[in-house]
Structures are given as structure tokens and as C-alpha cells.
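Have a look at these structures, which come just after this line.
Two complexes follow with subunit A in common, the first pairing it with subunit B and the second with subunit C.
Let's turn to the complex of A and B:
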């Protein structure tokens, strides 16, 4: 057990260092500043005092960037190891494939969470500067967002063991973005189309990754207050089960993979 | 790589020269004077409408009313009440510029329990339906601004922005700035002309003489646009023209000059517009 934890720790550290070494986060931060600073200075029709639109844009950017980082990190966990054949020295060490998968996954999640924490820190800092205050929904929003990141890393990880890196990124990003924006409208859509397509939409609704559950943006922007504990547990349980299922599939795929 | 810089310089020069000598007049080039026009072309009006929709959602405290119509979440407010709500504040009872709504019919809901739907309802719907009112309405302005930046000819966006500034924020200087900009971008819009008259009239508490002058001017503009054939006015223009006549008839009625209302009624009827204003003018004849 001690050995397993030590193995996990070194794998997590490796993934963590790799993300921060790539400088993606700094590039994204500069992009965010380039978009938000001019927006914060705008005074529409000369009216001042509006701030919700800034929160809206900032949160949308945070969601976009966190998805970008989570998918990129998750998708890069194994393919480079196979391409550069560094998987051989890794597997020659006294470590099981399962432990390797879990360690790498946890490292990717930790690295993505650190980036997310930085984004939220800046968001909260800006909100406080504008006279805002910390709220329950902000904490819940961060927890949900962190769960979403863990979810997205798991989806990208499964994809990376199934298809090529570019196809994986494209498919994962499309599926998650589509569900994020349209997931809750799928039942309505299923009612408006004819039978074969309607069944497909219903299946997609039943088994698709419902990442829209984690989206607390409207609650944060408009101050609706937090969600009930029951709802919070339901959302986190959904995320945990789906992520666990993805990891189980990834474990099977890695076990069967010929290296 | 060595050729990159000269190529770039040549490309920039070529673009400048072609631009000066009339490439912009070619039919396949999107017309417009800003980067947004060139980048998005006709999509601008869709973006503009989406921005107004966003403002509507902000007015309803962040609820997407189009979605709510289908789902009927926690509260049982009637959607249309909220848009009438704008009118409640308008003392002259003029119809407020409508915020575009979905024309989709409501879809019957399934009776089986949908766990995903349950989660979505609880995460994405507030327990209480609130409206942005008073000073908080300033949160709507960035979306109207973005809307008219995307499409300066989105009259709904201009008039709703004006309404927000004038009636909800009670900031007449801001309302005047919006109107001036709207007029500059849409000099021949009957809706904007009518809105300006409403602004001056202020529900009867403003400058009635100036409002009458503006309404008469707008009336002449309406006739000029169709060459006197009022039935040929576009539906939205016919409605705006009737609104102009409705205001004129109200002012004349208040001044006891009922005789001068008859031609207004005839003109309103000639437009063929399906609006209750025609009936209101007729009622003032009696």
C-alpha cells in the first residue's frame, strides 16, 4: 500500500510539472486579460455600473479554458508515451498498468485543478475589487467546476486509448461542448424529429456525458443562491459514477493494449 | 522564410490599393464599414437578435424564457406577463417594443420521471422568479449595446434600450443619447421617430407641442416612404405609422379637437395594419 501511494505520488507530480512547464496556462491568462480588460473599460451608451456581463464573459472563458486544459492534459497522458516508447521503461518498473493509469489520471486532474484554482482566484479577486462578496454558490460553483474538470480528463483519457490524438480531442470537445449547451434540450428535440433520429437523441440523452449539470454560471451571475444539498450530492455522484466508468473502460483498454 | 516579410508588405499594399479602387463595390463583397460587417456579414442580425434575447434573459433574472416555456420550472409565472410588465410602467399605455420570442409551440412533456431533467431543473432554475428593476436594469445595457453594434438596424434593440434607460433607469440623458445614436444610424425609421415623440411626450407630462411636431413630421415621413399609398407600407412600418397616428389622436382628443381625428382614423385604416390602435383611434371619434 505504501509503495502504491509512493508510485501514485511520483506520477501525480510528473503530470503536474508537465502541465505547468508547457506554459499553456500563461498563454490562456494573457488571452483572457486581452479580452476582459477592454470589456471592463467599456461603458455601453455611456452608462456605468453594469458588471454582470463581465462575470458572464469571464466565467465563459474560465469554462472554455478549463475544458481546453482538461482535454489537452487527459489526451496527452498516454499517446506520447507510446509514440516515444517511454512506456517500456515505465512498465518495466514494479508498477501495474492500473496503478499507472490511476496515477497519471490523478496527476492530470491535480494539474487541471491547479489551473482552475488560479482562474477562480483571479475571478474572485476581480469580483471583490468591484465590490462583490464571497457566496455559497461561488464555493459550490467551484466544486462543480472541479468535478467537471475531473470528468473531462477521464473522457479524454478513454478517447486517447481508442482513437488518434486529434480525433480524440475533436470528438471529446464536440461531445462535451454540445452536451454543455444543448444537453438539457435533447428531450424537447427528440419530440420534434421522426422515429429513428428521435431514438438516437433519446439514447444520447440517456448515456451522454451530462456536463451541463456542473454549470452554475447563471446562479453565480444572477445571485440565485446555492443548490440544495440533495442536488449537490446527486450531481457529484453522477460525476463520480461517470468518471469511474470512464476510468474502468480506460483500464480495460490499457490492459488489452499491446505494447 | 526570407520572403515572408516582403510578401506580407506586398499583400498589405495590395489590400489598401484594391480597397481604395472600389473592391468594396463588388457585389460579392459584404457591404459595411466595420470589421464586424466584413467578418460576419448577414450573421450580424442573428448575433444582434441573440444579444437582445440575452438582455431579455437578464431582465428575467437570468432565466431563458424560451426554455422556460417548454419546461415550466419551479414557479408558475406566465411568460407573457413579464413583457406586459414593461407596458405597466408606461403611463401612456403605448405598446412597448416587443422582445423577439420563440414561435415554437409548447411541446407536450413526458410523464415518466426523468432524473437528468430533475437535476437540470434544480441546478439551472432559481427558486424565485425575479425581475431586474430600477438601477439594476443597467445590467441590460451592455447586451443592447452589443446588439446594436452587431446590427445598427435592429430597431427592437434601440427602442428597448431607450425604454430601459427612460422608464426603468429613469436616466433621460442616457435615453436621449441612445435615441440620437439610433436616429443617426436609422434616419428613416418610423419606429425610431415614434419613439422620439414618446420620449418628448413622456406620457403627457413632457413637451406636448414638441411631441406633436415630431409626430406630424413622422407622419409625413411615413406618407413619403410609400408615396401616399399607405397600404404599401411594410407591416412593421404600418404598425409604427398607426402608433404615430394613435398618439396624435390622443393629443388631439385631450385638446378637445375631435374633428381633426377623422383623417387620422382614415389613414390608420388605409394602412391595413392589424393593430388595436386603429380601434383606439376610432373610439376617440365618438
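Let's turn to the complex of A and C:
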């Protein structure tokens, strides 16, 4: 067990160091600063209620940036190991492929969460500048967002073992964004088309990951309050099931991958 | 002498291609074996089977008395690939800490071994530089350090001379001889026949997946005409044992 913990620590540290030493994360942070701080100062048309629109824009930016980081980090977990041939010394160490996958995944999630926490700190800072206050809903929103990030990393990880890096990023980003914005509207769409397309849409609705469940933006923006603890646990369990399924598929793919 | 590596009747097929065909060889404790052959002769496939990365289609591979796909057996193997572009955002010290963690070593032991090995491979002065700034030879030396980090009983080296300058090659040879004196076994593939002749106790020459020659190098040394290069050419041109 001690050995397993040490292996996980090493892999987590590797992902963390890699993310924070790459320039793209800092480029995103600077971009976030450049967009969020002026937004926090703005008072469009002199309307006091306009701050909720600024919050909406800011949160949408954070969602976009976090998706970019989660997919980028998840997609980079294994392909560079094969390209740079470090997969061989890695697998020659006394570590199982399963432990390798789990360690790398946890590292990518930890690294992505650290970036997400920074974005939220920036958001909170901007909200405070405008006279806002911290709320329990915001903490809930962060937790849901973190669960989404963990799922997105798992999706990109599966994709990285199936297709090329660019195809993986395109497909993962398209699928997750489509589910995020249109997932809840699939039943309505199914009613407007004929079979067999309507069946396919219904199946997609039934088995597709409803990432919109993790989206607390509207509640935060309009001050609708948080969700019950039961709902929160249910949504997190839902996310854990899909994330676990992705990791199981990734584990099978990695086990079968020829090196 | 106890066999550290025991390969018996091993074949490995990839589709229609027989990469390794009925290979049998053994390596004892404290021996250095050079594994030679042209490109595509089956050297890398054999090394992958030795590391448990792939399984033979038939035959058995035993390393240190066990199956190399078992993590406990791999804990006693040190492997260096032919030029790996190690994590560019890490420095050499962090690289060794990473691999040490994978081997289950504690922090204190990793630090002590890192200091010792960085000095041994001549990277002590550049240990804090990111690996992306390293030359090919420096990466190769970092590779040697990571292979030796957990003090393995068997070293498997794939083209260890690649990228090393003449001085580094001399130091590398001296290091390998020191390791042999400590009872370590070394199995390496190479295209550098001169270096192999200076370093090994015995060689195996592969052709089309088969070992067409196996024997000690010392027998060759006494024969002015018959050095390893001549033997290699003879064996490969005839396709049988010289």
C-alpha cells in the first residue's frame, strides 16, 4: 500500500508540475485577468442590475477556460509518453498499468482543479470589488464545476487512447459543449423529427452525460439559492458514475494498447 | 552459475510477421551480454519480452527466477531505452525523484541515490536545468541514472552508446565494469560493435528473429583476424553460426 501511495504521489506531482510549467495556463490566467477585472469595474448603461450580466459573462468564461484546461490536460496524459518513448521506462518500473492510469488521472484532475480554484478566486475578487459577497451557492457551484472538470479529464483521457490528439480535443470539446448547451433540449428535438432519428436522439438523451446538471450559473446569477444536500449528493454520484465508466474504459484500452 | 535471464524457445508473432523465432539464451549473475543484429532482427521485441511489456507467443521468459510481467520482478530490473525525450518541464533531479517514487523508494533514499548517480553520470552541475535544454548525450546519461536509481540486479539497456561522446563512453564502460564487479548482470542491444567487444563477456547475434550466434567475446580477442566486426559480418552473410 505504501508503494502504491508513493507511486500515486509521484504521478500526481508530475502532472501538476507539467501543467504549471507550461505557458498556456499562464496565458489563460492573464486572459482571464484581462477580461474579468475590467468587467468587474463596468457598469453598463448605469444600470445597477447589470452586475448579474457581468457575472454571467465571467462565469461563462471560467467554464470555457476550465474546459480547455481539463481537456488539454487529460488529452496530454498518454500520447506524449508514446511519442517521446518515456512509456518504456515508465512501464518497466514496478507499477501496474491500472495504477499508472489512476495516478496520471488524479494528477491531471488535481492540476485542473488548482487552475479552476484560481479562476474562482479571481471571480470572487471581482465580485467583492463590485460590492458582492461570498455565498454558499458559490461554494456549491465550485464543487459542481470541479466534478464536471474531473469528468471532462476522464473523457479526454479515453479519447487520448483511441484517436489522435487533435481529433480527441475536437470530439471531446464538441460533445461536452453540445451536451452542456443542448442536452436538456433533446426530448423536444426528438418530437420534431421522425424515426429512427427520434429514437437515436432519445437514446442519446437517456445515456448521454448530462453535464448541464453541474451548471449552477443561473442560480448564482439570479440569486435563486443553492440546491438541497440530497440533490447535490445525487448529482455528484451521477458524475462519479460517468467518470468511473470513462476510467474503466480507459483502463481496458491502456491494458490492450500495444507498446 | 545462476541464470538471471533465462529465455527458452521463445517466439513472438505479430500478425504474419515472426519477430522472434524459437530464441533460447541465458545470462548469468555478473555477466554482460551484448545483443546484436541488424535493424528488424528482433532485438527490441526480445527486450520488451524481458521487461514484461509484451508476452511471448510461445516459450518462456524468466528473469531473476520470475515472470517479468510481475511488478516484484520488474522492481529488480533497470531499463534504459534508446533515447527517450524525458519530461521537458522537469530537471534531472525531479526526473529521478519521479522514477524513484514509481519504484516505491522513500524521499531520503531517493535524494541520496540522486546525488550519487548525478555525480556518477556527470550531470551534477546541470541537475537543476530543465531537461528540454539537455543534449542527446545528456538525456542518455539521465536515462542511465534512472535505470540505476533503484539499484537493480539486472540492467537492460537499449543502444546505450547512442549520443555519448568518446569520454562519456569510456566513463560508461568503467561504470558497467564496476557494476559487473558488484554482481549485477547487464543485457544490452547495440550496433556499436567495437564498444560491445570492449564491454561484454558474451554476445548473441540475431538475424530474422533467430539467434544465429551465441558465444563468449574473449575467444575472439586472442584471434588477430577474428574480431567481433568480422564475426558479425560472417554470421549475417552466412545466416548460420560461425
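Everything below uses one rule, namely that the second predicted complex is superposed on the first by the 242 of 259 C-alpha atoms of A that agree within 3 Å, B and C clash if a C-alpha of one lies under 4 Å from a C-alpha of the other, contacts with A are read in each partner's own complex, and residues count from 1 in each chain.
Operating definition for what follows: a contact is a pair of C-beta atoms (placed from the backbone, for glycine too) under 8 Å apart; a residue touches a chain by one contact, two chains touch by 3 or more.
Small disclaimer: the values here were computed from a predicted structure and weren't measured.
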item	value
Touched partner set for A:255, first subunit B, second subunit C, both or neither	neither
First, second, both or neither for A:228, with subunit B first and subunit C second	first
First (subunit B), second (subunit C), both or neither touched by A:238	first
Which of subunit B and subunit C A:17 touches, first, second, both or neither	second
Subunit B versus subunit C as contact partner of A:2, first or second or both or neither	second
Touched partner set for A:192, first subunit B, second subunit C, both or neither	first
Partner, of subunit C and subunit B, that touches more residues belonging to subunit A	B
Touching partner for A:90 - first (subunit B), second (subunit C), both, neither	second
Shared contact residues on subunit A - subunit B and subunit C	none
List of subunit A residues in touch with subunit B within their complex	42, 44-53, 183-185, 187-188, 191-192, 205-206, 210, 212-213, 215-216, 218-219, 221-222, 224-225, 227-228, 231, 234-235, 238
List of subunit A residues in touch with subunit C within their complex	2-3, 6-7, 9-11, 13-14, 17-18, 21-22, 84-86, 88-96, 258-259
Sites on subunit B touched by subunit A in the complex	58, 61-62, 67, 70, 107-108, 110, 114-117, 119-120, 122-124, 126-127, 135, 138-146, 161, 165, 169, 171, 174, 177-178, 181
List of subunit C residues in touch with subunit A within their complex	48, 51, 53-54, 71-72, 74-75, 77, 79-87, 89-90, 94, 97-106, 130, 143, 146-147, 156
